[in-house]
Each structure stands twice: as C-alpha cells, then as structure tokens.
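For clarity, chains are labelled A, B and C in written order, and residue numbers in each chain start from 1.
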Amino acid sequence: MFHRLSPDDPPVEQMVQSHKLRPLELLPWLAIVGAYFAFPEYLSLGSQILLTVVFALSLDLILGYAGIITLGHSAFFGVGAYTAGIYALHISGEPLSGLVVAALAAGLVGLASGLVILRTHGLTLLMLTLAFLFLIHEIANKAGFITGGADGLQGIAMQEIFGQFRFDMFGRTAYVYSAVVLFIVWLFARLLVHSPFGRSLTGIRENVTRMHAIGTPVRRRLVIIYTISAMIAGIAGALLTHTTQFVGLNVLSFERSGEIVIMLILGGIGRLYGAFVGAAVFMIAQDELAKADPVFWYFWIGLLLVLIVMFARGGILGLVDQARRWLRRRV
Amino acid sequence: MDFVSAAISIVFHGLAFAMVLYIISVGLSVTMGLMGFANLAHGVFAMAGGYLTTTLMNNHGVPFGFALLAAAITVALISIVLERLLYSRLYGAGELEQVLFTIGLIFMSVAVVRYIWGPLPQRMVLPEMLRGQLDLGFRAFPTYRTFLIAVSLALILALWLGIERTNFGAQVRAAVDNRRMAESLGINTGRLFTLTFALGSGLAALGGGLGADLLAINPAYAFEYLVYFLMVVAVGGLGSIRGPFVAAVLLGVSDTAFKYLVPEIGAFVIYIAVIGLLLWRPAGLFGRA
Amino acid sequence: MTPALETIGLKKNFGALPVANDINFKLAPGARHALIGPNGAGKTTFINLITGRLSPNAGTIKLAGEDITRLSQAARVKRGLGRTFQINMLYKGLSVLENVLMAVSEREGRGGDMFRVAGSHRDIVEEAYALLERLRLADVAMSLVKELPYGKQRLVEIAIALGLHPSVLLLDEPAAGVPSTESSIILDVVESLPGDIAMLIIEHDMDLVFRLARKITVLVQGAVLVEGTPAEIAADPRVREVYLGERQHG
C-alpha cells in the first residue's frame, strides 16, 4: 500500500507516520502542471480528465474505502451538473458560488438517498442505487421546463472567475480552474482517508460484523461518507457544466456510472491515486481509440474488465505494486 | 374508452409484459439464490435468444416455434461453456468482482451484437396465424399477446411442476436452502449449478424470443432492461421461484397502468414503488433474509 | 452483589424451534464461567442474544444491572460488553496492529474523527502496541492478518476484544480450530486475563473448561440443565448422560 514506511522502523512509528506525504504522491501533480505547458492543444480534454478524476475520487471514497458497491453514482454528478446549469442560467453566472450551490444540492440528495438505501446491503443496495439513478434521470427527463428535457440546458454563459479569469476558447482557464478544484478535493480526501474516520471505513469494508462488535455506529459512518461523496460528485458535475457550458441528460446515464466504476477499477480502488491513473488512462485511450472504432471500444473495455477481475484485481497500481515487490526481492 | 374496458386492456397488456419478464428473470433468481452469484449479464442470454430467433426466422425461413426452440437450446449450450470456463472461477469471489465481471460481459456482448447485426432493432415478423385480433366473445384481444400469455402460463406451470415433482427440482431447492447441507447429502452441486444455469439461460433466451414484440431486440438490450430484471428478482426474493412471478405481475401491470394513465410521470412511480418495497422488505417479498 | 451480566427468562424461537428456552443466567463480576453443552444446544445463539446480534422473543438482558435488551450492538459494546467469535472476525487485509488499533480507537471515541490524522493519535497506537506485546504478538505487529497461522489469528481475535476494555468478555470457543501445538498459548493468555473482567467461555474441550472455569453452566436444547462448580458438574449423572448420549448418536 502506498503509505508504508520502511519495514525496519518500529511499528508504532510506522503507524504514526503513515499519513506523511510521500514524494511519489506529488507525481500526479507534476504531470498535471507539466501537461499545461506540454500539451496546449489538449487542454479541453485535460479539464475533462481532471473533473473526471474528481468524480472518480468521490467514488473511491465509497467504493474503495467504505465498500459500498454502487452503479448509480452519476445521479449525484448529474444533480451537481444540472444545479450548476440552472444556477448559471437563472441566478448568476459566477462559477464559484455555482460550485458551492451544486455541492450542497448534490449533498442533500446524497443524504436523502443514503439514509434510505444504506439500510440495505449487497444486491438490494446495488439495485436501489440503480433505481435511484433512473428515478433522477426520469425527473430530469420529464421536468423539461427546468432541465431542458432531452435537449438539455443550452446557452449557459459563465462569468469570470474572481472577476478576472475568463473562460477562454483554448480551455486554459477551464484547465487551471479544474486543477485547482481537484487539488482542494484531493487534499480533503487525503485528510479524510488518513483520519480515524477513514480507517473505520476500511474496517467496515473489511469486516462489518467486527465493526458492530467493537461499538462502531456503522450506518451513521456510511451515511456520512455517502453524503460527502455525493457532494464531491456534484462538484465534478458542476465543473462539467462550467467548462463545457452545457448540460444534457447523459450526465445521468447508466453508461457514465459504469464508466466511472471501470476507470476506478482500472487504476486501482481504495488507494486514492487509482482515480488519477484510471481516469487519465481511460479517457486518453477513449479519445484515441473510440474515434477509430466505437463499437470495438466497447468490446475492449468489456474484455479489460473481465481480465482485470480475473487476473489483476488491484488495477494498474496493483500491478505496479506487484512489480515493485518483485523488484525488491531481486535487489 | 370506458373505465372497465381500459382496465381490462391494462391488465391484459400488463400480464403479457409480466410473463415475458418472469420467464426471463426466473433463471436469474435461481442463479443468485443457488450460487450466490450476481449475474448482471443475464439479460445477454435473453438478448441472444431474441437475435437468434429473429435471424432464424427472417434469414433462414425457420418457422416460429422451431426458431424459438433452436435459439433456446443454442443459448443454453453456450451458457454451459461460459459457466464452466468463466463463471465457475468466480463463485467464491466478492460481490464487486462478480458485478464487474458481468458488466464486462455485457459490454462485450453489446459490441459483438452490434458488429454482427448492426445498431437497429431486429424485425420480428409474426407467423400468419398469430397476427391480428382474437375474438374471445366479450371482446377482441391482440392474438399474439393472447398466445404469449397462454404459452407463458403453460411454461411456468411446467417449470413449477418440474421444481416441485422432479428429483432435479428437489435438489435445486435443497441447495438453494442450504448448500453445505446439500453437499453433505451427496448432491453434486457443481453439476447442479451448471444445469440450473443452463436451464435459466435457456428460459431467458425463450423469453427474449417470445417477448421480442415487447422488449425490442437491439444491441443495448442487456443494459436497457437490466433494471427490470433486477427489480423483478430483488422484489420477488432471491432464490425464490414464485416470488418473481408475483413481482413480475405487480411490476408489469403497474408499469403498463402508469404509462397509460399518467405518462408524464410514468416510470417514475415504479422506481419509487420498488424503492419503497425494498425498504420495507429488503429480502424481497418471498426472500429469505 | 449485582451480577456483571444477567439474563431473565430469555426466549428465542427460529420458527417453531425454541433455541433459547427461558434462560435465567447470572455472571458474577470477575467470574471465570464456562458454558458447555452438546452441539446445537444454543450456546452461540445465547451469546448472539446477549451481544444483540439477535433479538429475543421474550426476556430481559442486564449488564451491571442496566437493562440492555433494546440497545444496539454498538451501544452494548460501549457499556463494556466484548466478545470473540467462534470463527475469526478479523480485518484480514490489514496488519495486526491496525486490527487492534481499530478497537482501541473506537473505544476512545475517536473512530469518528475526520480531521486529525490517525497517526497523530500516538497514545492509542502505543496502547494497541502494548496490548500486542502482552499477547506476544509484537513480532507480527505489521504483518497482515491473512498471512498469520490460525493460532496467531485467534490471539488477534482476543486482542481486539481486550482492546475494548470490556467489563464482560464473552469468548466463543477461543481454541476452536487451533492445532494443539498452538493452543497452549491461547490458554495461557486466557488464564492471565485481568481478574476484574467477568469471563464467559463457550468450550467443548473439557480439559480447558476444568482448567479455567470456577463455575459451569450446562445448556441443552436451549435450556439450562444444571449449574455448579467443576467438581459438581463432573459428578452429575445427567451431564454425563447428555454427553454420553451424544457420543452414542453423534
């Protein structure tokens, strides 16, 4: 796991220092900053990747850490996206307040659904996440007078960030905006994951019976992380609206829910950085390959998923870990 | 149209829908109850049944009945191969792995089907005698839907009798109830799983072919209708044979009713109802907790 | 003196089958009390009722005089009830230290703490480690539980329960599944537990029972057959019949 110190240090020290920032953790940030200068023509794709990382991080918190299996997470992404769009169209084009409002809306929806569905587990829970997603999708579809229905919300005009930075057509502002938001989300998620609360989520995932037997208020913890995760997903959705200036029904699609799960699995769940790796690899590959042959993109993704499950459950980062262990044994 | 007439229509069409849903989903319920395996790709078997049936009929002139049978048997055989080679490796795996694996299968099947048959829905040309209207005395009903309901009920009856009366059925029921106990009684659970899986998949294929009129055969089939199959199974109760029947009827009739009476909120109400039902009874109406 | 744990008229049915049949039971403070009985007698069910994993159909459960019958599992743990499971309930993918730390952290009420990093709670990490040292698990503190031999895993199971500072400890077959070469450590550990913890042990191994217990309750088909000191139980003809009978049929 990423946060292990040298195995030779005394155990208490290893535990107490485990949250310290490792140099390797700065790698994604070097890449993000570097990409801004190295790939100026791809900044639009870049901001899409960044906001998808935010989305994937939100999923990792509940899927990777708390072990809540959901196929309906794009419900919160969509709520955030639509809220940001409606806010920009009818109240104000100011982006930062839009972000906050979207996060709150998504969080509220997350809290409501979490309270309701986290009474169940397993297949029933999975089923309910799907039902909930379709429910929200139906609402967005039918409430055309606010959401634009099948046509979506068009003509969203965003104001300057801090009154200074205009959303330019090269996508520079969008990229930096997304990167900064990602940075804040990342800091927050990292803090959360290394806290006792975060550890207890891992405990709930690994053995919920044991958690009950040591006095943990399990449902309360799950509802809290579900709500937080929904808020972050909502932020990602709002970023989409702000950077593309459009919201359509596809923000609430089952495909999007499935894709974000795939990205996270691809990168490696339960380790935060899987979100970075998975989203980047998936979206870059999709940008290259899906253009060429969309039908077979689906096939390869499916095959990838099957192969990952059978041979590489830890995703890319899991393979990297295995490689490092193998190397360490050789050296 | 007056109230009674509308009600009869709704019930009739709702039942037809329900029958198709049940025949497709019963295999999923048993698989999940028996092997504890969340096979989200179950809809792929129904889809394959639909594609094979329509292709045999449209391209090779095979009569309706034979096409259905041939499709069902082919899909059942393929499912055996899949079960032995892939599914059986994951029986002990966690739920996440099962979900991911089967989603991966859906993705692959979507691509393959799209490649072979293209993106448009398949045409289902009904045999002469099943077209048009059937006069049942007090009113006329679409012939095919009547046929569908009749055939489905016969199939279901046969299934239920089989489960209750045959040795095989007894073994399935025992293994669903308590797998370890069944094993210690000498039941070969591995082979039981394979046969049950094949039966469930074959039935799904049959349902897909029979229901091609109602659930359009197109590449996104397995995704589009996944929610319906899952709802039927979850509300009915995993592992139960009767439960999904009740669930399918409830779902089929209410879905039809709402889409007809209040199309603006249509599916919306169904989802709320299912959510409510599952909260009240998380194990389903007839499931074991 | 108030019993550390008491059940009054405890009843539980699975369908038509009574698995707990009007059980009246008292556990004295600092007790070394064993619960024995043939397979299917309802011993683990009894423990599950006490801890709250199962709800009774009738009866009352009291912890140090307080009625806990309606309380959740977590609430009972907070009031001093700890248990080990017959089959290990551990966080297999985490290290031994992390396993015990989980329990200590919850006990200290820090489990819900979101904004201070877990590592900065040095005091509870040190307490968890000290517990490992006492149970001779210090050398495997950073090993993942799934890599340990079963006997050591069983010790971790006990360590987690101890990390809760229970006033009442329910041990469900602590030596079950442990090869005899490793079980002596478990016995030593159980024997050396603090005298102020009231202990109830379910066990099948009679040597263990007679070595550890000062009082024995015999449970048969969900009801208490007889209670007494080890000597009394050993001499009781009804007990011998229950076990002899089982050996004949089993």
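Here is the rule we go by: a contact is a pair of C-beta atoms (placed from the backbone, for glycine too) under 8 Å apart; a residue touches a chain by one contact, two chains touch by 3 or more.
Just so we're clear, the structure is a prediction, and the values are computed from it rather than from any experiment.
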Contact graph of the chains (line, ring, star, complete, other): line
Chain whose Cα centroid lies at the greatest distance from that of chain C: B
Centroid spacing, where centroids are CA-atom means, of chain B and chain C in whole angstrom: 47
Where chain A and chain B are represented by their mean Cα positions, the distance between them in whole Å: 34
Chain A and chain C: spacing of chain centres that average the CA atoms, whole Å: 41
Set of chain B residues in contact with two or more other chains: none
Partner chain C, residues of chain A touching it in the complex: 7, 11-12, 14-20, 191-192, 194-200, 202-203, 206-207, 209-218, 220-221
Touching residues (chain side chain B, partner chain A) in the complex: 32, 38, 86, 89-90, 93, 95-97, 99-101, 103-112, 114-115, 223, 226-227, 230-231, 234, 238, 264-268, 271-272, 274-275, 278-279, 282-284
Chain B-facing residues of chain A, complex: 63, 67, 69, 71, 116-117, 119-120, 122-124, 126-128, 130-132, 134-135, 138-139, 142, 254-255, 258, 261-262, 265, 295-299, 301-306, 308-310, 313
For the chain C and chain A complex, residues of the former touching the latter: 51, 53, 73-75, 77-78, 82-83, 85, 89-94, 97-98, 101-103, 105-107, 110-122, 125-126, 129, 138, 141-142, 160, 163-164
